[in-house]
Each structure stands twice: as structure tokens, then as C-alpha cells.
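Note that chain A is present in both complexes that follow, paired respectively with chain B and with chain C.
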Partner chain A sequence: MADALSLNGASGGNSSRARFQAEAGERGIRALLSGAAGTSVLCVAGILGFLAWFSLPLLQPGQLAAVLSWTWQPTSGRFGILPMAVGSLLLASSAMLLAFPLGLGLALFVNGLGPRVLAKHLGALVRLMSGVPTVVYGLASMFLLVPLVRASFTGTSGFSWLAAMLVLALLVLPTVTLVLDGQLRLVAPELRLTTAALGLSEAQSLVRLALPQCGQGLKAAAALGFGRAIGDTLIALMLSGNAAQVPHSPLDSLRALTAHIALVLATDSQSQAYGSLFACGLVLFGVSLAVNLGLRALRRGPRRAALSAHSDRPLPGLETAATGLAWASALLVPAALAALLGFLLLRGLPTVSLALFFGDTLPLDALLHGAPVFDGLWPACLGTLWLVGLAALFAVPVGLAGGIHLAEFATGRAARLAAFCVDLLAGVPSILMGLFGFALILLLRRTFWPSANTCLLLSALCLALLVLPYLVSATRAALAGLPQELRLTCAALGLSRWQAVRRVLLPAARQGILGGVVLALGRATEDTAVILLTGVVAGAGRPGALTDKFEALPFTIYYLAAEHQTPQELNLAFGAALTLLALTLALFALARRLSDGAWRPGT
Partner chain B sequence: MTAIVIRDLTVTFGGRPVLCGLNLDVAQGGPTVLLGRSGSGKTTLLRAINRLNECLPGYETSGSVRVRLGGEMVDAYGADTRPETLRTRVGMVFQTPNPLPAGIAENITLPLALAHGLPKAEIAARVEASFREAGLWDEVKDRLEAPAASLSGGQQQRLCLARALAARPEVLLLDEPTASLDYQAAQGIEELLLELASRYTLLVVSHGLNQARRLARDVFVLREGSALEAVDRELLSDPEGFSHLMDELF
Partner chain C sequence: MRKPLLPTLLTLVLCALPAYAGELDAFAGKSGKIDIAGGTAHIPVMKEAAKRIMQKAPGVRITVAGGGSGVGVQKVGEGLVNIGNTGRALTEAEVAKYGLKSYAFAIDGVAAVVNPKNPVGALTHQQVQDIFAGKIANWKQLGGRDAAIHLYTRDEASGTREVFWEIMLKKGQIAPSANVVASNGAMKTALAGDADGIGYVSIGHIDQTIKAPALDGVHPSQENAKSGKYPVLRKLYMNTKGEPTGIVASFISYIQGPEGAAITASDGYIPTK
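Moving on to the complex of A and B:
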């Protein structure tokens, strides 16, 4: 009787030893998981530490004033970064000023102001837009929009605030739209039947009731969009003209902080310039920190702001205005996208052939015997493949483990800190990851490895850092999305926490996690800013060793767009852009399919 | 006099038929109570009258629904009938309380301002009148600005009723209006409905025979396959017939 009731079972010592081992194993696993979550904290601390350490020389007398000045003339020792700070601010705010109403219009259109048939396709289009690589937008705009601006206005080269602003708006539009759409989706359907039964039109329901409920969503969309806009490197670098000055009109050239970092490091200026670059990095880090803190404050605030008394002064015509905005956005955005991507197809499609990838080398020789390829994209494709593979090798295990820890085991202050750092890391401009890698090399050179240089391994590490937060968040969200009853059921059946996670929760969340992994791969494939600072070069050939320089598709596009000597080289850039676009769109579509098929309660 | 005439009504969702060739005459006043197993399409039938099914995806309908509005029979699906206008004249109370995410009074003023376009003075007058009609005035008169969600379930349901009454509809559709309420709150609503039947045409979906017995002037049972059968009121008060119907229905 006593045996039957004993929790340890009848066979005494043997089974209790097994139990002890199992418990020790579980403790070990949980320590590993929490270590993975701690990695993101370390990464944020590392980035901030490096930035601060390398900007320390600025604290010497006179240095700070020199950096906070309006003139950038490194040859005469003047390292003022204020024009770039103002440039970044102007560019990002103006892009948001354009993207926000358009995003709002699109979100309203898909949530009921537009016909359902069109809404579905428009929603798909917006999600597709988030898969278009920045460098592809940059290339298409350089040869379509910039000449258009040059032709339409006198006294401008076309490379201007205006051109960069327009394309940047297009780039951040999916972020803004998807946040707003997500918020409207939470409240609008729930209201639809009620308001319809009261005789309100769909437009009235959306504009007067659903939208005022999304106050926090509107602010979150603005903050996220702004963070994305100010953190972008490639659009500013390729389209804004990069003159280190404060622009007087939208047709003037400007230089953003991100582009400034890329330009100065790429031209390998003397080391005094570095100090000011790290100051730029600190400013950018500060902006993403502010955006992040703002978002957290929004989330903590009262969930639903009290409604102002709409009925006291029902602004007439609000519905008409909203419908007008929705239709204008629904026409303008697809038109702009079609123009850019259509232009890309027009220029890129004729170049697609085996010669695009292998030049004059026989494809079989290149594939099987490693014959060198000139005038072809093959080395860049290989480089990208290696890069993304290595980055995934570093980031996926850490990201998944960190996500599991945050979703299932983490509690208290440490958990909040880790979650905050993951969010912050996700918002840090990618160029800062590159700067971090560059600083790492500087540090190694000064200490115990004087010959350290930027290379494939470093790029992969920094890219891993870039996609780590995506992996953590996706894993965490997929697990957190499972119903609480599932955990209770597992506990009631006597499973330990880790057993429940491994045998029940992880398999149930599999698709969502896989979707996150694929999305992270897509993000790693398209990024240019990180590798720009950490070892990518043109004409490196196929990657030999981890410590070699390498080629990559996005950089090839950027490099050829700026430095092409012959029309053939430019064609190569368009071919590369088309290849990269196809690759990332396929990855994004796959990620979406996976997330859509994710297990949900009741299915 | 009939208030609602439904002929050959067929409703499908995503190709799956919910109602097939249904015919129904609802007399003015009432209450007329509609009984049926869950899934027999009672709610869909109710929503066919104020065209609310149109707000749901994959919906298709055929047949005719005519409603007596302003003394005339109006084709609910006619080309010159705006669904919004129809819904302001045919009010509805849902199974679960569905206050708008706004203040208590605003729940009533907002639709009056937006859907009816009434002037402020008229709206203010209707707020108090409809709260009194729904027996809610004393409970809410000091907290009209408070969020509607702060009311109890029974109060919320009466708020929804007041909101429907404020529109001065001619027909009121009630979809199991007491399903989510406790016994006392349900009783309050039932008493209210009996009182309202002298001024409005009431069509009430219910799943309770006892409620039907207390409320109904006319009772219909909706069976699978959209067969609609009028039930003699005497059958409801006869214990044997009652239990027979009970077995058959539930």
C-alpha cells in the first residue's frame, strides 16, 4: 500500500538515482537556455561598450566640441558630425511624413474601406514589399527615379534628399502598414456586426470607432517606422548624394549618419576620423534606445485610451476623407512599386543566362572543379551562401534556445532585461553591427593579433548578431501563442517543464519557429550594411578560407551600381538584383507559408 | 396584420446551405418566439431580416424578405433599400452584450449622431427616454461618461436594448437576449419584452421552452432542413405536449 502510494515508485534507490540524473540534466539544459538568452544581453552590452570605449578619446579637451560642429573636412582635421545628424533626422522624418498617411490609407483599405477582392491582393502586396532588399530598391531608383528628378527640376543631379526620401518612404511603408493593420484587425472585426446592426456604415465603424481605439498602434507604427527609416543605410548611401552639408531644399544633397559611417570606413580614412564615427554610432544607438523606450512606455500605458466625445462634434466628412486617403494609397503605392520592380525586370530579365552567373567559364568547370569565374555572379552567390550558412550556424541555436528560455523559463528582472535587450537589438541599425565588427578587429589588432583583418568569419558573426533578435522573438512568440491549457495539461500528466517543452510545446510551435528561421535567413541574405564594414570586397573570387575577404550578391549590386565602368557591368548589377530579389522573395514567401500554417488552438 | 413576410429564403455560407427555401409570416406586436436546436439556423434567419449576414464572409442569399416599415411592406433586399437605413428601422439585440468601446451614454448617442444624423437636442432627449424604457436609468444616471464595459453583464445587455430602442425601430430582433444572463437579470429582460410588445414587433430567438411559454404569443420551431412549424400555444401549457416537444427539440 505504502509502495503503491510512494511517489518514487517501488524500486527505491535505482529509480531515485535515475530521477536525480534526470533532474540534473534538466538543470543543465535550463542553464544552457538561459545562457543563450543572456547572449543577447551581452551583445547589447558589447555594442554599447565598444561604441563608448572607442568614443572615449572624444572626451579629451576640445575634441567633443570638434565633433559637435558643422564642418566635416577630415583633410584639415575637422570632424563635425552635426550636418549628418541633421541629415538623418530630416531624411527619416520626411520619409515618415509621407509613409505614415500612406500606410494608414493602406491599412484602412484592407480593413474595410476598399472592396474585399482588392483588399486581399493589396495585403499580399504589402507583405511582399517587406521582402524586397534595400539594395534592390536602391539600384532601381538610381537608374529610374534619380534621372527623373534630374530631368524634372533644374540645378540638381537627382541624387537628393527628395529621391532618398521617396524611396525610404516606400521601404518603411510595410512596417507602418503591418503594425496598423495588426491593430485594426484586433478591433475592427469585433465591432463590425455591432455597428452594422446599429445602421452604421463600414466606413463610419472604422473611422469613428475602430481607429480611435488604435491610438497606441498609431504611435507604435510611427515609432517603429521612424526607427527603421533612421537606421537604413543603403537608400541614403545610394540616393541622397552624400554631400556632408545641411540641405537647403529637398533637391539638395544630404548625408545621413549611417551612410557617413559606411563612406568613411570604406574609404579607410586616417584613424582620427574613427573617433567621430563611433560618436555617430552612439547617436544612432541613442535613437534606437529612445524609440524602444517609447514603444515600451506605449505598451505599458492604459491599453485603451478613453474615447473623446465623437458625437458632440461629429466632424463631417471624416469618412469621405478616409476613403479618399485609402484609395489614393491603394493606387499610388502599387504604382510606385510596379514602376520600380517593372524597371528592374525590364533591365534584369534580358541579362538572365548562364553567362550571367559564370561569365566565360564553363558552368560545369566552375561547379565541379572550382574553376575561377570572371564577369559572373557565381563567386558572389557562393559568398552569400557561405555567409548566410555560417550566420545561421551561429545564430539559429542561440536564438532558438534564447527564445525558449524567454517563453518558458525566464522570470523576474533577468527575464525583463533579456527581453528588453532582444527588442533593443532588433531595433539597432544594421550598420552598427558592422561598426561593432570593425571595432572588434581594431581591438584585436591593438592587443594580441596585430594582423587581424575583416573577413568572412567576422561578417558572418555580425550578421548572426543582426538576425539573432528575429530568431529569439519568433521562437518566443510561437511558444507564447500556444494555449496555456496545453502547459497545464502537460503538468497534470506529470511531465517536467523541459519534457513538456521538448515533447509537446516545441513540436506544436514548430511551424512558427521555422517561419522565423527562414525570415532570419532572408534578412541575412539581403543585408548590405553589415558586410560593407566587415570584409566584403569586389572581385575576391570564390571564398577560400574563413579569414579571407569575400564577395556577396547585395554588395555586388551596390558596388556595380556606383562603380560600373561599362554597360555590361551595369547589366550584371541588374541581373544580380533580380537574382537577389527572387531569392529573398522566395524565402519571405516560404516564411509566410510556414507561419500561416502554424498550429492554432481549435484547428 | 403581418409585419414580416419571408418567402423561399435560402442562405449559404461558403457554399454550405444554412437555410433552404424557408417561409415565415411574423405578426405585428408579438413577441413571436423562434425555437430550435443549436445549428438549425435561427441566428442566420434573424440576421437575414436586417441583412447582417452580408457582413460575414462567403455569404449568399436568394428569396425575399419583406418588412412592414411606416405602414408599407418594404423589400429588404430591394435595389432601392440601403442596408444601413433598414438596420436603423429594424433593431437588433445580440446573444452576448456587445457595447461599443465607448462611454455608457455614448453607446446611445454615437449611432444616433452617425447613422440617424439627429440634432443634439433630440439625441439628449432620447438618451434618458431609452434608458428609462430599458429600466436602466437609475443605475447609470450618475455615471453616463463611464466606460460601458464597467457595467455588469445584465446592465450591459439592458444598455444594448436601450441602444436598440433609442433608434425608435419598428421591428426588434432579439437573439437569445437572456442567454448570457443570470436568472434575475433574465427575468427583468423578459418583463421588459412583454411590455415592449405593445409598441414594437418583437421576434425573439430562444432555446428555452420555459421562456417561450412565458413570453410568446406565437411560437415557431425551426427544424433541420429549414422546416418551420408553428406550435399551438396550448401545447406549451399542456404538460404532456410540452414534454413531448422538449424530447423532440433537445
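Moving on to the complex of A and C:
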């Protein structure tokens, strides 16, 4: 900061007043930027504060013991949340146990253990997977996997720990794979020449040398995947059966904390059941905090393990085992994905028609004159469009400004706190954003805004919270990825820090930032858990006002999957799933293209 | 509470019968919104009524959400919706706490239901209790095929659950291993897909995709529920916070009126009037 000012001073000049104004302007802009970065701190503090505030009644004598018990039977006054806490842990850990080796296998496959031509396609497939909405996985699994589990084993309805675990593993797989892939990409190339010169095969080089150096990457992948798994609501809600018990076998039904919040939020807002939900929220928040702290500790640790540490362990057959794992993953994962998405296409494609969107209303009437549409997806499409648009309106300016601040201006403790809060916010389960929004409305109604209600605006605000950290991180990373020489050149030309950011750095980082924005849009489009608690309904028609209830595609899928009264309504769900999938895949593909085209020297 | 009105209303209903379409005129030219949430047995009736009203009066917006009776009470009590539906009578505490008014519009039984492929066609009261408590765990014990029984129940916000639990299960235990679904519609969907499942739904939701075994020799039908032969029944209510006004009052009259009654009947319930 000081050097920028002195540089400006050194540029000398006769119009000191103009310079003073420019400096004041720059200070104003910087204040705005740091304010934006501070928003993430406020958000985290707000969510935590709400959870703690509403959990407070539990601190009365005997209450805490009642909540930390093993029986959930509100009708007989028992509000134990431990079965759900155990359910969440079991579900997330088991999903990780499955996803981690598969992810490792995929990462090894694309980094040299598989044929190059396949590796390229597999890499694309994994990235595509990260664009599949959870509710779409949920729908396809409900009608393909659950009946399969029911038919394959005796004594299970199919809605089980096993079914939820398998799909959840698929859901977190891209996260695990992409982190590991990123790590291997960092270390493998520089080792390749050396190991080739030593006469080692590619497999030996990868497994014996590159992988041991990725120790932190392995742990980071596990932590991130676990955080994603435990924070998911829809898979657990749709597939696990939701019995409030500790399961005895993978074929039993279980209830996760996130699904529990979604199921029970409904109850009387002054009851113990309601209070215990915030305890669930605190537990979930605690888990994401722990995951985050773990990740930070990893980042601070020594960057690489010593090479020699592993040379004295021969472990014969390691290469064969790794190659086997890589091939098994490369076959299993695409097969599972093809089964689910193939099923979706099979059921969804025949439903695609104008009637899918407009029901029995004339499309032109609906489009031009706003004629109401019943039994069609049009209102839900419009609702999603409004929702994502509004969320972007709130989140994009704040996220970009926060990212710029963290990348270019922030220093010291405040900056570290802001960065930490951004990471933490990214790990907070989306259902907590919804819980936050719902509790906020209740609080507002009881205090100074008696007519506050769950509505489109509230959902958009909560969704903005959800995508804010993606925007900050993407902007920050895009700016941080620019070569340092750019900044030096700007300074040497006498540009102030903000001038440098605005005229040179931001244009140079444009594509990376845009990629982040599009990715955030995709995330907002597919989320179901947030809107579930903040104002979405099954039948609202076209979105009218910001304070109205609304329809949205992901909720329509969730609702119709469980509630369809006729085969036609179920078809509507598959049609909606296909529409949503097309939408998010397009957004993710676009984000990918933009990020790929990010800064390269010479452009 | 509206009993004195009943004879008058009945006469009105009879007089108005030939003029069904006229009832929607109460909404013509009106605008405003009605948010409805709660009881899930109500949803088909509410949605159909909403559709007819909104087609007639484009300025009126009606949203229909579920959640269960507990949600209905809570949301209407907190003022989050205009009408909170319940599939059970309100408790005195609920009425006192929120100042709610109830408007019944249908009689509805609650029946244990199974998949149509299930050969078991009759159960006793005691058997149903033992099944849900987990004491009878295989269909073979009931004369069915050799397969484990998959239990399905509803979340605690459900009025259907409450009625079933109080009258059918005599407040007996429901095994904690039972799968939990969030609505009557979801229960029906789950059982339509699970040949070894058993759950319970509003009789109005029973169609060819699920089957209700006779209870102690009585076929669970709305007629038998109304005549008192089938014991597990309740009324479906719409509840408002204080006296309803404007289009909310019109909506309630519409549902309770002849066209509402026709919708109610065509969705498988018995209109109260």
C-alpha cells in the first residue's frame, strides 16, 4: 500500500489536487473491496450466530442430555439426534471409502496408467460428472438403483444406507479425482524425465515416486470429499429411507443430519424438536470447520515428503495393483454413470415436447401473454431463471470484489481471517444456508418486520451465500495466477494499484473470473436444499413478485419423484431432470472452456 | 362452531347446484394471493380448486405446498401462509396459542395399504399393530409369501400418522426401522413400487396402484368410514388465523360449496356438506 502511494508521488506533477482526488477515490474503492471481502466473515458469523442463538435453549438443565440421546420420538418427548449424527458419519465415511480408491484409480489412469486416448476422454467424463445435479442422481437412483437393491437382497425395501452410499460415492468422486489429478499433474512431469533416464516404467514412476509425493493431496482429497459427502442433503433424503435409527447393516434404512433438518423443519417453531434442529446444524457446522482446519494444517505442513523415505520398501506388485485399480475404476465409474444417465435419457427423452413445458396451454400464449401454465415445466423454468439471476445479482459483485481484495490488497490478520471464512463458507452444507434463511424470517417477523415471509428474494439471498465463496476463490485464483511481472510493469509505468487492477490485471484474468461466475451459476441452478426451506413450492405458477413463493426445476424433480400421482406426472419429473441436466452441463462446459482459455503468457 | 349454519348452507347448496360455474364469479376481477401449506391429503383438492380459480381470475395467485398437518398449523399460526391444512382436528393448545379457526370440508379414512401384488387381503386390528411394532416381520406369518415386511411410516408432522397411530395402533410403538416418507403421495408412490411394503394413507389416495386389505372384515372405503363401520377416520380441515377475509374467505367458501364438494368427491373424499 505504502509503495503504491509513494510511486504515485514519485510520478510527480503539477496537479496535486487531482492527485489527491484520485487517491481519495482509490481509498474509497479499496474500502469497498475490503468491505466485500468482509462480507464472507459476516456471513459465517451470521450463520454460526444463528445456530448458536437458536440452540441456546438446549443449554437449560437436562435439555442437552435429551438431545444427545439415542431415541428420536417427538410424540413421546424424546429428541435424541445421535442416531442421525451416526447416520451422517457412517454414510459419508462409507461413501468416501468407496470413492477414494476409485478416485485414485481414475487419477492414476488419466496420468499415465491408462492409454492416452482413453485417458483424455475419461478426464472429460469426470469433469462432466461434476456438473450432474444431485437431485438428478437422486431421481435416477430412486427408480433404478433402489428397486435393484430391493430385488438383489432380501429384507430391504431398497431405500437404504447402501443405495445412498453408492450414489453419494458417485457424487463426491469428481471432487476426489480432480484434487488428486491436480496434485499428480504438479509432480509427475518433472519426475518423468528423470525416471525415464533411470529406466523406470511410467507405472513405476507414478506409483513409486509421484504418488508418495502427493501425501498432502491424498489427505486433502479425502477431507474435501468427506466434507462434500456429509453436507449433501438430497441423496440421503431421497434414497436412505430416513428411519431415525442406527443401522445394523448397509441394507438398513438410516437418516442423515441434513435430511433430518429437511424433514423436521416443519415442526412447531417453539418446540424442542425445532431447537434440536439447530443442534444438528451446529454439529454439521462443526464438522465442516474441522475439515477446513484439517485442510489448512495440511497446506501449512511440509510441501513434499522426502524421496528417500520410500525407497527402502520394495512392496513387489505395487505397479500391477495400481494398474488393476486404475483399470477397474476406469471401467466401473463410466459404467455406473452410463447406467444412471442412460436410464434418465431413456425415461426422459420421450417426454420432451412442447407439452412437457406448457401443458395444455398454447406456448405462444404462455410466452407472450403470460397465460398460466398447469402440468408443465414452464413456471419452474422461469422460477429457476429468476432465482439464479437474482442470486448472481447479489453474489457476483460482492464475490468479485472480495476476490480482488484478497488477491491484490489484503494483508495481515484480517486478510487471513477473510480467506479462512471464504474457505469455511464453501464447506458449509447448503441445508444450513436454508436453515439460516428460514430462521432469519422467523426472527424478522417477531421483531421489526411482521410481514416478512419465505419467498423468491430470500431463496436468492441464501443461494447467493452459497455461491459467494466460489466466486471469491475463482477471482482470487485467476488474479493470483497472473505472472508477477505484470504487476511490476504496471508499477513501473506509474499506475496506482487500483489502476493496475482495473486496466491490466482484471482484463488479463477475465476468462478465469468468468469461468468462476459461470460455475457459480451452475451451482445455484442445481441446488435444492437451500430453496427447500426458503420458499419454493410445487404449484405457484409463473414467478410474480420477489416476495412470492415460486417454483424451481430441482424442487419440481424432488417433489414429483416422491409425489407423482399419475405416470404422466412421473414423466414430467424425468423431463425436468433432463432439462436441468442439460442446463447445468452446458454451464459447466462453458465454465470449463473459459477457465481453459485463462491467462497464458503472450496472450 | 359453524353448526347452526349447516341447514342454511345445505339449502343454499341445493339451490346453487344447477349453477356450478357461477361460484367462480366470486373471484372474477379479484387479485391477490393465497398461500396454502400443510396436510398432504388435501393437496389434490387444493390444486384442482386453485387451477380452476386461477384460470377464471388471472389476477389471483394460489400456491399449494405440503409438509404435513404440523406444518399447516405452524405456518398458518406464524402467519407464513393464509391457509394451513390439517388432516386432524386442532388441539386446544394450538387453537389457543395461535387463535386459529377451522373449516372442515371432507371426511377421510386412513387405511393400512400394501402393494397390489401382495396376496394378503385381510388383516385384523391386532395384526396391523403387531406389524407396525415390528413383532410380525414376515408376510408368511399373515398368509402371504415368504418375504420380510418393509415398513413405511410418516414424519411426525403428519396428521395421517397421528390419526393412524392413535386409532389404529392405539398409540402403540412404530418400529424405528420403518422408512419415513414425507407425504400421502410419497407413501403411495413408495408402496406402488415395493411388493413387500406396508404403510398407511388417506383413503382418498387409494387407487389401482396400491391396495387396502380389509380390516377386521371391513373394507376400508370412504362409505364405510362415513357410516362408522370403518373406525379409522378423521376430517380434513382448512385453518386460518382469525376470521378469513377477502379472497381467502372466498376460497374457503368455494371449497365448502358445491363445486368444491364435487372436486372433493372426485378426488375420493366424502364432502362434509
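Going forward, the second predicted complex is superposed on the first by the 575 of 603 C-alpha atoms of A that agree within 3 Å, B and C clash if a C-alpha of one lies under 4 Å from a C-alpha of the other, contacts with A are read in each partner's own complex, and residues count from 1 in each chain.
Just so it is clear, a contact is a pair of C-beta atoms (placed from the backbone, for glycine too) under 8 Å apart; a residue touches a chain by one contact, two chains touch by 3 or more.
All values reported here derive from a predicted model rather than from experimental measurement.
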item: Side-by-side fit of chain B and chain C on chain A, or clash; value: fit
item: Touching partner for A:196 - first (chain B), second (chain C), both, neither; value: first
item: Chain B versus chain C as contact partner of A:565, first or second or both or neither; value: second
item: Contacts of A:187 with chain B and chain C, given as first, second, both or neither; value: first
item: Touched partner set for A:75, first chain B, second chain C, both or neither; value: second
item: Which of chain B and chain C A:412 touches, first, second, both or neither; value: neither
item: Of chain B and chain C, the chain that contacts the larger number of chain A residues; value: C
item: First (chain B), second (chain C), both or neither touched by A:61; value: neither
item: Touched partner set for A:494, first chain B, second chain C, both or neither; value: neither
item: Chain C, chain A and chain B - angle at the middle CA centre, rounded to the nearest 10 degrees; value: 150
item: Shortest span in Å between Cα atoms of chain B and of chain C, once chain A is used as the common reference; value: 53
item: Overlapping contact positions on chain A, where the chain C interface meets the chain B interface; value: none
item: Footprint of chain C on chain A - complex, ascending; value: 71-72, 74-75, 143, 146-147, 150, 154-159, 241-245, 252-253, 255, 263-264, 266-269, 273, 372, 374, 441-442, 445, 450-451, 453-454, 537-541, 544, 548-549, 562-565
item: Interfacial residue positions of chain C with respect to chain A in the complex; value: 33, 35, 37, 43-44, 47, 50-51, 54-55, 58, 61-68, 70-71, 73-74, 78-80, 147-148, 150, 152, 155-157, 165, 176-183, 185-186, 188-190, 193-194, 196-197
item: Residue ranges of chain A in contact with chain B within the complex; value: 116, 187, 191-201, 204, 208-209, 213, 304, 306-307, 309-312, 314
item: Residues of chain B that touch chain A when the two form their complex; value: 50, 52, 55-57, 83-88, 91-92, 94, 98, 100-103, 106, 109-116, 120, 123, 147, 163-164, 167
